[in-house]
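Read from first to last, the chains carry the letters A, B and C; within each, the first residue is number 1.
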Amino acid sequence: MGDMLTVKDLRVTFLDNNKEALHGISFTMQEGERLGLVGESGSGKTVTAMAITGLIERSRVTVTGDVVFEGMDLHRCSRSQLRSIQGPGMGVVFQEPMNSLNPLIKVGYQVEETLRIHTKKTPEERRKLAIDALDRVGLPNPDEIYSKYPHQLSGGQRQRAMIAAAMVIHPKLLICDEPTTALDVSVQAKILKLLKELSDEYKVGILLISHDLLVVKQLCENVAVMYKGNIVEQGKTLDIFNAPKDEYTRQLMAAIPKRRRHE
Amino acid sequence: MTYVLKKTGVLIVSLILISLLAFLAFQIIPGDPTTKLLGTDWTPERAEALREQLGLNGNIFARYFQWLKGLLSGDPGISYSYFMPVKEVMQGKIQVTAALSLLSWFLVMLFSIPLGILLARFQGSHLERAGIVLNQVFMAVPPFFLGMLFTYLFGLLLKWFTPGAYVPFSDSFWGATGYMAFPALAVAIPKAAKTAKLLRSSILNEMNKAYVRTAYSRGNSRWAVLRDHVLRNAMLPVITYLAMSLADTVAGSIIVEQVFALPGLGRLLLSSIGNRDFPVAQCIVVIIAFVVVFMNYLADIVTQYVDPRVRLN
Amino acid sequence: MKQYLKNKNFRAGLLITGIMILAILIGLVWTPYDPNAMSGSEKLQGPSGAHLFGTDNFGRDIFSRVIQGAGATFLIAAAAVAIGLIVGLIVGGLTGFYGGVLDEVLMRIADSILAFPSILLALVMIAILGKGKYNIIIALGILFVPSFARIVRTEVAKQKNTDYVRNARLMGASNMRILFLHIMPNIIPVLLSSVAIGFNNAVLSEASMSYLGVGVQPPDPSLGRLLSEAQGYLFQAPWYAIFTGVAIILLILGFGLLADGMGGE
């Protein structure tokens, strides 16, 4: 399998305060790979994710370095080329299922939106695919959920709907920005398990952004540790867990309560 | 449903209170209408007979109920100036003011919604900055001054209409509408500017919400995000504002009628205040107050209906 | 003040209002001509070097009359806002501080009054009080009470539970002392933008009422009255209406921008 995503010497500078948020980070992802990007808040992990998805408003930042996804250079292509991979190429699952869904639009419409934008499927086909996707992410009575509004769903259900909305078009890469942080602990594990199943079943790569090493360990075979805009260490998750080399990684490890280490 | 019932209850209580307040407000004005009505024919006996005829002799609550009964059955008393039923004095005037207010209200929506969207869409551009400055100026123009400018420009210079020569609706529908277009614009433009400003800031506020980022992540263009996702959220506060702004277009119409010599409620209200013809003034005030309260009621209901978060709870 | 100065709207508003107030102040002691001096030979002249805004039907200098009218309108607005503000501070301060049923009832009443277009209520008040300069001030002043009271009440209710008020109470300060010496100074910033909005509404209402003939009566000057006079000469002397109208717009625009820059409206 070849490289799906190559990030090379990525630097992002915000124009309003002229601060460099990323100081040249590099990593690659293979097709179907699950990579965890871990670090404390402010370490630049979310900026990295936003730069990869092209969701940073181009006029607000200067970006140097390359982000190449499936052979397309995302910071030099046209806006419409960028849009053509947003959805079918990479889907995004955000942290807050509460606010990340549009409160005035029915769940079904939001789930099938990528199909509406990127495919020529008929409304009936879209509806069927959306209900299948809702079913696949483990939502009971997907027919009913399809015509409900987001506020009628629980937090965990909303996050499942978000995952269904990203997965309905079978993207190559799913970018999950703290997908479980806002959820109850009992729901967290189920969502992580679901993501793992989906990734295996559809050969979808997952880039997981998290502050929690244990969440990363449950889902990802590889991990990159970020600190102050740099990647300080990357490699196999188990290797890093067993023998962290960087001082900061050790601190992150030490912060995990002992009883949780063997989760 | 219980919400609608509750609001309807509040509406009825408000209407009763308003009618009572309007009635009392005009009762505390000192003066005896018989002096004016009888003029030089005034004698104590005649005045007494007239008071009896006008129903001015009962206690205040009896008079209120009598007046309210008359109002509801379409007979709100006798005009002191014309000495004929208020109903006849008001003949045809309500239609003029209603047409002008509704036309203005329609224009407010027609201008403000596209303008607010455009201002938000081109945020940060020179076009937007120029638009905002212009919008701010239009917000500051008094409707009656705008009316005078239109009279001068379109009436006197370009001769698109003849100032003061209003054609009633009964004579020619299009003639009346054509004449009313200018006063309606004068009422609508400042209000539309305010509404556009509100819509713009509502849109920009929504643009920072998390669901907008989600919409972008699915490959929506900026325009599609605005149209399919942001607009319906941003319109929620604007819908309430628009529903309530009918009251303002009624108030604006009352003033602008004077500029264009339109025979509506506004001119009648002013002349009745000038002549101390209180049955007429009282009736007009109550009618307008009812409209205001009713529009607020509708605004509440509509806001309920369009927001599923409220509707389904 | 410093944080406001960063705001473009506020700076523009300050500039416009500053110029207008300066012109009004100068107008109190000096105008190019006596605003009431008639001149049979100079009737309805267009703008020129001698008469900047031209002359009216009696040959009076419109520039001088506009400055005098703006001063009168400004004073009426200031007096009306002052009445609304003072009464609003007392009513809102007390109800916000003590709460209870009276608070609830008064605020409900304030809300219903605020739902009505102020010009309509002003007309009703004028019908009761009669026409004239002082009645306009009283009518507008009373009409401004609910909005000021509402804002003050909300702020006082908010401040009431802050730590510094609790501290003052622990130190044994009386209720009145807490309300007027500790809480009131803290709500001034919030009130400033409401005062600007109040001025804005007052200028518009005065101009509308006087234009309609139920406000300021001759021979008292005011911008609204000038406009109603100018309307009769719209064809022969459009500059009369235009310059008067522009003065009204500048006053309203200036206060509107100030309010906007201070985060109001």
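Details
Definition applied: a residue touches a chain if its C-beta (ideal position, glycine included) is under 8 Å from a C-beta of that chain, and two chains touch if they have at least 3 such contacts.
Computed from a predicted model, the values in this text were never measured in an experiment.
Here the chain-to-chain distance from chain A to chain C, counted in touching steps, is 2. The count of contacting C-beta pairs peaks for the chain pair B-C. Chain centres were defined as the mean of their Cα atoms; on that basis the chain farthest from chain C turns out to be A.
We define each chain's centre as the mean of its Cα atoms; on that basis chain A and chain C are separated by 55 Å. Separating the CA-averaged centres of chain B and chain C is a span of 23 Å. If each chain is reduced to the centroid of its CA atoms, chain A and chain B end up 52 Å from each other. Residue numbers of chain C whose C-beta contacts span two or more other chains: none are found. Among the residues of chain B, none is found touching two or more other chains.
The touching residues of chain C, counted against chain B in their complex, run 9, 112, 115-117, 119-120, 123-124, 126-128, 204, 207-208, 211-214, 227, 230-231, 234-235, 238, 241-242, 245, 248-250, 252-253, 256-257, 260. The residues of chain B lying in touch with chain A in their complex are 124, 209-211, 213-221, 224, 228-229, 232-233, 236, 307-309, 312. Interface residues of chain B, counted against chain C in their complex, comprise 14, 22, 25-26, 28-29, 136-137, 139-142, 144-145, 148-149, 151-152, 156, 244, 247-248, 250-251, 254-255, 258-259, 269-270, 273-274, 278, 281, 285, 288-289, 292-293, 296. Within the complex, the chain A residues that touch chain B are 53, 55, 59, 79-80, 83-88, 91-92, 94, 96, 99-105, 110, 113-114, 117-118, 149, 151-152, 162, 165.
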